[in-house]
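What follows is a set of structures to go through.
Next come two complexes built around chain A: one with chain B, the other with chain C.
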Partner chain A sequence: MAAISTEQAGAWLADYAQVIGENAAMLTDLDRQTGDADHGSNMDRGMKAVAALDVSSFDSPGALLKKAGMTLVSNVGGASGPLYGTFFLRFAGALDDGPDDASGLLGALRAGLEGIEQRGKAERGDKTMIDALAPAVEAFETQSGAGTSAALTAAAKAAARGRDEATDLIARKGRASYLGERSKGKQDPGATSMTLLLESAARTLGSA
Partner chain B sequence: MIGIVVVSHSRALAEAAVALAEQMVPQESRPQLAVAAGAADGSFGTDASAVAAAIEQVDSPDGVLVLLDLGSAVMSAEMATEFLDPAMAEHVRLSGAPLVEGLVVALVTASTGATLDKVESEARNALQAKGKAVG
Partner chain C sequence: MKKLINDPADVVAEALKGVAAAHPDRLRVDHEQKIVYRRDAPRQGKVGLISGGGSGHEPMHAGYVGLGMLDAACCGEVFTSPVPDQMMAATTAVDGGAGVLHIVKNYTGDVMNFEMAAEMAAADSGVRVESVVTNDDVAVTDSLYTAGRRGVGVTVLLEKIVGAAAEEGRDLDAVLALAQQVNDNGRSMGMALTSCTVPAAGTPTFELADDEMELGIGIHGEPGRSTVKLAPAREIAQQLVEPVLADHDFTGAPAIVMLNGMGGTPLIELYLMYGEVAQILRKSGVEVARCLVGNYITSLEMAGCSVTVLRASDELLKLWDAPVNTTGLRWGV
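On to the complex of A and B.
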């Protein structure tokens, strides 16, 4: 038994797919200012394919989330494909192997973060999705004694704060890095979609 | 003879680059070559699973050289090597060469039966000839 159920993992993915659909135009617009104007449409294509998976056909949350990761790898197209794909693959592996409480979810989040850092060769302060995810993992850890729900709420808030703080940074990774100084003051699309993922987790995985 | 994989965000770009390079080598002496390019629906993109499948298709005991266009092509190719049998992944090399020039040089060099090391280093230096030509 993992820290969340297969049904909860399915609810998380369905919620995120809906939120990405609602925010696709906004994400693409952010990406138009600093990148190649496809983040929202790419993520929407990927998450629509994920939402079409039959949750009941998976026998563990890890199996479902692994399939979600591979579906993103094959359907997103841009850099967010291998990045979110790696996040879900690593998250899934750690989740199924981990304990069935908040620490299991913490281990999964941390594995996902490490996967993205390794895949993107990026670190905190580069103005990427890591600037939302890294503080979220820290906040989750600090609050994990208070239970999964409180920890996830703290993580989502920390992600939003990290996303906002990254706006003033100069991009050092990806297409936005070509802009140099001009990337300063622009909200990062990856940090934005990552914050949406953690907010979605707080809504759907809280009762774990 | 090594195998060659071309990873690009665009299938049209990859296929044109391959056609251009293949002009240099008669069909019977060409290395095995596979393309992993574009998203499934025809839009721009790269897919790590497709890259892994392309590598498996041209795999040779002499090794496989993977040529890439830009940006997330590198991430997808690195992820692809994690999907492979570790024994196969060991002799797969990602090339930092420019796609068009590197592919031409890689194809020509590989067709002579050169080692993976040799093909990789020749491909990486593929821009030098053009640099000299423009002075």
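On to the complex of A and C.
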């Protein structure tokens, strides 16, 4: 038994696609300040392709999320395509392991984080999406005894905190790293879109 | 935003239609996958050369597809790396049995997408793929803990020299070693007078006052290392050449030099800059054997320039002089 249903996975993707659409201009504007002004439009192109998938044609959440990962890899390009694509592919692959819903989701989130760390050769403190995802996984683990809803809410809050704390860091990975000291004080676009993904998960994947 | 476009979302696809219409004699365009092929690819027994990257750097890379350079170029969205599916398709299509070299500029996205493509190509098709990652930009402090230096101007010189070696029939190991040699011996530094506007974003990527310039830029309209006061060309040339010469020894060997425009600077200024650069190089004991002056690796309509110096050898000069017939570089044919 998977930790989430195929319908929940579909709702998560649909919610995230909508949120990315609403925030595309904001994400592109953050990227304009430290990168090359395309994060929002790239993510929007990818999530629109994901939202066009027919959820009813998938017989498991893992199959749907794996397809979503491949769709992002094939449609986004840049760094965010392989990174978010790898996140969903690894998340999907780990989803079925675990004695209960919370441990199944924790394993999936952790696998997604490890996938991003490997693909991006980045770690916490480099001022990337990992600075939102890593504290979120920790918060989820701490709260996982309280059920998936509470754990996901804690994870989303931790992601937002991590995103804000990363603003004061100097970027060491990705295009913002070329700015050196000048990246300090700028909010990271990847940590921002990752926080949106976890907030979206908290709205759609929780059960008591 | 004032641009000769229809819909910002269609810029790359519609530009490729124009490429296909303009050069049917030399190029074949896969519009679905956004790949530009050399008309006669695959060439049996020849190492296939593929590059690719975000669009907006024209003539790179599609302008370097043809005899003596690339077999295919994968075109991403403006300033966005292409996706692994494109590199996979191009790799299979240009393999003439001798394997394929991926020429990748060192940007996080490009490296990741090409890596995924190489993994998938090895697993699916059995084509032998090797990669060279260019990283010649001295503006970026190189460190194990950062994304590292960007791949910029040396990529153009590498595609020309390695293209000639592949055309000669050298095998994949030899072509890869040569590519590495070229990258290791080239350095670049760039500057901008203005920013540029990504069509999908609609406004300039960064702001510069009338009396300011951006030093140490890359090729994606990303801000550079520092914003400094505008200076006469003579001083700007110094600011570009000094860090290049400080980073590598260019004396005692012939050099290939490129004075590259970022897209929005007229040739008269580029030649003026080349004159300044050539004088500094001469005084510094660098013997310029070949040079290019013009727009070869650009950032849309950005005004500014970059300087690339490659420590060459008689062998590299011979490969440089070999025939090339692409829309961006053409001689000896």
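Following the convention adopted for this analysis, the second predicted complex is superposed on the first by the 203 of 208 C-alpha atoms of A that agree within 3 Å, B and C clash if a C-alpha of one lies under 4 Å from a C-alpha of the other, contacts with A are read in each partner's own complex, and residues count from 1 in each chain.
By definition in this document, contacts are C-beta pairs under 8 Å (C-beta built on N, C-alpha and C of every residue); 3 or more make two chains touch, one makes a residue touch a chain.
Predicted, not measured: the structure shown is a model, and the values here were computed from it.
Placing chain B and chain C on a common chain A by superposition gives a clash between them. Once the two complexes are laid over each other on the shared chain, residue contacts for A:N42 go to chain B and to chain C alike. Counting the residues of chain A that each partner touches, chain B and chain C differ, and the larger count belongs to C. Look at A:R182: by the touch rule set out above, it reaches chain C but stays clear of chain B.
When the shared chain is aligned, chain B and chain C each come close enough to touch A:G77.
When the shared chain is aligned, chain B and chain C each come close enough to touch A:G174. In the superposed pair of complexes, A:G120 makes contact with chain B and with chain C alike. Looking at the shared chain after the overlay, A:L53 reaches neither chain B nor chain C. By the touch criterion defined above, A:M26 reaches neither chain B nor chain C.
Of the two partner chains, neither chain B nor chain C is touched by A:A63.
After superposition on chain A, the stretch of chain C that runs into chain B among 3-11, 273-281, 291-299 or 309-317 is 309-317. When the two complexes are laid over each other on chain A, chain A has residues 38, 42, 45, 73-79, 81-83, 119-120, 174-175 in contact with both chain B and chain C. The part of chain B that touches chain A in the complex is made up of residues 9, 39-41, 43-50, 71-72, 75-76, 78-79. By the touch rule above, chain A contacts chain B in their complex via residues 38, 42, 45, 70, 73-79, 81-83, 85-86, 119-120, 174-175. Chain A makes touch with chain C in their complex at residues 28, 32-38, 41-42, 45, 73-83, 119-120, 126, 172-175, 177-180, 182. Residues of chain C touching chain A in their complex: 54, 76-85, 107-109, 112-113, 115-116, 139-141, 145-147, 150, 198, 200-201, 203, 205-206, 218, 220-226.
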